[in-house]
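Here you go, one structure.
Order as written gives the chain letters A, B, C and D; numbering starts at 1 within each chain.
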Amino acid sequence: MARTSPTVRVLLFASARQAVGRSSLDWPVPSSGVLAEELVRRLGAEFPKLKPTLRTSRFVRNGRYLGNGRTLVRPGDEFAVHPPYGGG
Amino acid sequence: MARTSPTVRVLLFASARQAVGRSSLDWPVPSSGVLAEELVRRLGAEFPKLKPTLRTSRFVRNGRYLGNGRTLVRPGDEFAVHPPYGGG
Amino acid sequence: MTSLRSTRRTEAVDLPVLLTAHPLSVAHAMRTLEVEGAGGVVLFAGRVRPGRTRAGRVVALDYEVHRAPALARLQELERDSRRRFRARQVVLWHRVGRLGVGEVSVIVGVATPHRAEAFAAARYLIEELKSVVPIWKTERARPGRRPRRRPSRRAGR
Amino acid sequence: MTSLRSTRRTEAVDLPVLLTAHPLSVAHAMRTLEVEGAGGVVLFAGRVRPGRTRAGRVVALDYEVHRAPALARLQELERDSRRRFRARQVVLWHRVGRLGVGEVSVIVGVATPHRAEAFAAARYLIEELKSVVPIWKTERARPGRRPRRRPSRRAGR
């Protein structure tokens, strides 16, 4: 039953990946979806070490940067946590 | 006899070369030498087309840039006329 | 170079934008920038520098990328540089995966009609690349002796 | 590149300063700039651009040089860049003689610990090179038809 419950694919990079110990999670959400800010709050509650990184991160839903936390994240979406970049 | 008279080797580049039609001259000078400013004046008198270029040129005696026209140029010296540079 | 040039149209590295696990070639980048009407070409190459962290001597950097948004951002930068700096050709190449000390991690190149624009564009592109493109690096360090010229600090850690 | 690198110490092009009638290689320049501790490398390459003069279409540039003072000035610039920008390695290469459209006339490259210095140094070096080094160029033009997109100006000359 758990395998078919609605989930969001959470992608974790760099310090977010290190804080959680994984590069992705299938995170359960209501079938009606969840606000991005609520999803972020729950991730922080589940992984306290992730909290500092979440405060400085940008969030990307299905490849698009979120302007604010009021975006609805739906089952099947990809939701990426982007800590500050460091390419080059 | 002319072949053994004391001369300065005058090097002409770019617009100076084009004005004179040659890239170098063996220019007769007194065995006691000549002031650079006098040498430049005489070159301009001999080659009127060279005059505009001489006004904007730098002069180099034996590889050293001249700070003013009071330097003595002696027989056997090399005296180069450098129009404004255009490398790159 | 001539023999390589004859095949250049088929090489993936002719792309203006590239994220790859394979080594980056500055020579290929320059050939990509050989376009008509471009009198000035400026190329920046960034390399993994040797260094130290608290964990020891840096032996490698791991570069991570979120590929789809990274490519989208790089393509935006390419368009940007064509519009703002009249760039005729652009190279925005970043390597990902594990890189050893001395390896080239990034090449930014730009060909413009005149050199002032080429310098401005290259500088703009590398700064933007570092701040808006989702790429991250993590240092890999190996515990080891400190450099001999600083023996006095060895006992302190 | 690896096979070339093994011979690099014997190549003349490893010199920081070069005035030559032979074609300049950007790839060689980059290898010359591969020194330890240099995280940022900026390279500028200038090429002969197509153009028009009153005499017609530019088909070549003739570069003249006063060799001894030119080398002395280039060496001063090299020392300068090591002192002012902490440059670890420098390339100041200029080609002389006749160059066709598209050929590389000059390569200025600099390797520094950090990229800001590399950009500043490269920009400084190319501007200085153009203003203080005794090199001159003369355009070689070939009378020819004007580009078809400006037919109205053809009769006027």
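Operating definition for what follows: a residue touches a chain if its C-beta (ideal position, glycine included) is under 8 Å from a C-beta of that chain, and two chains touch if they have at least 3 such contacts.
Keep in mind that this is a model prediction, so the values were computed, not measured.
Common neighbours of chain B and chain D: there are none. Between chain B and chain C, the least number of touch steps comes to 2. Our note on geometry: chain A versus chain B, Cα centroid distance of 76 Å, whole angstroms. Chain A and chain C have CA centres that are 28 Å apart. Separating the CA-averaged centres of chain C and chain D is a span of 22 Å.
Between chain A and chain D the centroid-to-centroid distance comes to 50 Å (mean Cα coordinates, whole Å).
Residue numbers of chain D whose C-beta contacts span two or more other chains: 46, 115, 126.
Chain B has residues 88 in contact with two or more other chains. Chain pairs that touch one another, listed by label: A-C, B-D, C-D.
Of all the residues in chain A, the ones that touch chain C in their complex are 11, 13-14, 17-18, 60, 63-65, 80, 82-83, 85-88.
Note for the complex: chain D touches chain C at residues 1, 25-27, 30, 34, 36-50, 102, 113, 115, 118-119, 122-123, 126.
On the chain D side of its complex with chain B, the touching residues are 46, 63-66, 68-69, 72, 94, 105-106, 126, 129-138.
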